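After the structure tokens below, expect a handful of questions from me.
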Amino acid sequence: MRSVDLSLRVRYSETDAMGIVYHANYLVWFEIGRTEFCRVAGFPYRSMEDSGLWILVTDVDCRYRRSARYDDEILVRTTMPELGSRIVVFRYEIFGPQNVLLADGGTRHVFADSSGKPRRAPKEILEGLERFRSAGS
Amino acid sequence: MRSVDLSLRVRYSETDAMGIVYHANYLVWFEIGRTEFCRVAGFPYRSMEDSGLWILVTDVDCRYRRSARYDDEILVRTTMPELGSRIVVFRYEIFGPQNVLLADGGTRHVFADSSGKPRRAPKEILEGLERFRSAGS
Amino acid sequence: MRSVDLSLRVRYSETDAMGIVYHANYLVWFEIGRTEFCRVAGFPYRSMEDSGLWILVTDVDCRYRRSARYDDEILVRTTMPELGSRIVVFRYEIFGPQNVLLADGGTRHVFADSSGKPRRAPKEILEGLERFRSAGS
Amino acid sequence: MRSVDLSLRVRYSETDAMGIVYHANYLVWFEIGRTEFCRVAGFPYRSMEDSGLWILVTDVDCRYRRSARYDDEILVRTTMPELGSRIVVFRYEIFGPQNVLLADGGTRHVFADSSGKPRRAPKEILEGLERFRSAGS
């Protein structure tokens, strides 16, 4: 199963009074991960949105194992374990310095039109994503 | 089981380009919910932190059912379904206008000292929280 | 000149690794202040937006004097020192516990249509806001 | 005067219901810009903090000229027009696609110890920063 990696650095704004990254920001990193996954797959999310295909989040889960600090280099690794004509599932692993696993989690989505009504994704996009996600990386 | 309600209004900063509340902000609302729960229970989270008891998030999940918009009035309902000497679990329901359920989810936490090392919560706090959470509201 | 007050509590998500509120969040509080100002004046910002009148930020400034901490009660005091058919200016004072001034600043805005093109505000709204802002509080 | 450039992509979380980047996020980009400036100058902000030198924001201003959208590539250009033993000033220009200037602004800071008390910056850091900022880029 294909995985796509993205690097980022912890921003000061992402930390909290515990001195570590505020937990909700991992969901933001997940979003950056799936944006990159779609871009590398040849279907930038913004283009999909412009063509009337929106991807709404219906479920999210995250397990936190270690904390991250300001200015740490973070690696977001994203896979797409499930894809259907109406839904798509992403999984994420977040690594910190020395490749330590900080957190992992997933998001489930439905395809929708710009008004938020569920719809099927176009065949061309489904086939392209399917080919990409299932290939070796 | 006791529940504690808190009201808030959607901020412009909490919306995204879909015109709705960005999904990670529900985790922020969860946090406000448990802050209020602890305050009403007589154990303000800030006081616990000042006394050396930190409550770290280890797991979070959320299911999104409907979307919220700028300036909507939101109700956050919080319960504490599980409490041990080392862990605590909160559940949340997020309601929008006309009492529509927008999302629900949960967070699991460990008690820790200020360095992040797991510890037991003091007996007095555990007994106080236990009495509060299990009482009728 | 009329001022409108709004109270809020510092959220954990608003703090940073210095243990205080991250400075950009004061701009969010400014926004909440002007939302409340417009609401109390009888012209909720969301209604203006729904009717095709958008208020875009063109300038912002803020001076930070003291810091705020998690769970502090904050008072946002908003005035509207300038109003024209094409622009509007707000000023803000942010107070912390014991009425200490934490920060003050301002924002300048242009009226625009939903596409972002500058426009004049409707006479009815201008007159209503003018009457409100210049009255004693 | 030396300038340091940093590239980033607009995150979905940074947009708002107007479909553009929420204005307070430009302050976050300013912060990323000065973090990069200090790193390139040889004085990573995190190292300064670890050695007991904190840089607190006392003033910020920003002028917004054009808006940015989700997934736009952004360039943050940072300079340090003023440096003293007790204060430092940064200026920023934010460019969008096609090198269009989106916004520019500045921040003023005081040096402080970890308790927030003003202090002088060490001579070694001042001389290093001075040499770097005034050199041609």
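By written order: A, B, C and D. Residues from 1 in each chain.
Definition applied: a residue touches a chain if its C-beta (ideal position, glycine included) is under 8 Å from a C-beta of that chain, and two chains touch if they have at least 3 such contacts.
Since we're looking at a predicted model, the values are computed, not measured.
J.: To bring subunit B onto subunit C by a C-alpha fit, how many degrees must it turn, rounded to the nearest 5?
T.: 180
J.: Measuring centre to centre with CA averages, how many angstrom lie between subunit B and subunit C?
T.: Spacing between the chain centres: roughly 28 Å.
J.: How many Å are there between the centre of subunit B and the centre of subunit D, using C-alpha atoms for each centre?
T.: Distance between chain centres, rounded to whole Å: 34 Å.
J.: How big is the gap, in whole Å, between where the Cα atoms of subunit A centre and where those of subunit B centre?
T.: It comes to 24 Å between the two C-alpha centres.
J.: In subunit D, what residues contact two or more other chains?
T.: Residue numbers touching two or more other chains: 12-13, 24, 28, 31, 70.
J.: Graph of touching chains, which shape: line, ring, star, complete, other?
T.: Looks like everything touches everything, fully connected.
J.: Tell me, which parts of subunit C touch subunit D in their complex?
T.: The contact residues of subunit C facing subunit D are 18, 20, 23-25, 27-28, 31, 54, 56-64, 67, 116.
J.: Which residues of subunit B touch subunit D in their complex?
T.: For this pair, the touching residues of subunit B are 12-13, 15-17, 19-20, 22, 24, 69-70.
J.: Could you please specify the touching residues of subunit A with respect to subunit D in the complex?
T.: 11-13, 28, 31-32, 35, 44-46, 49, 69-71
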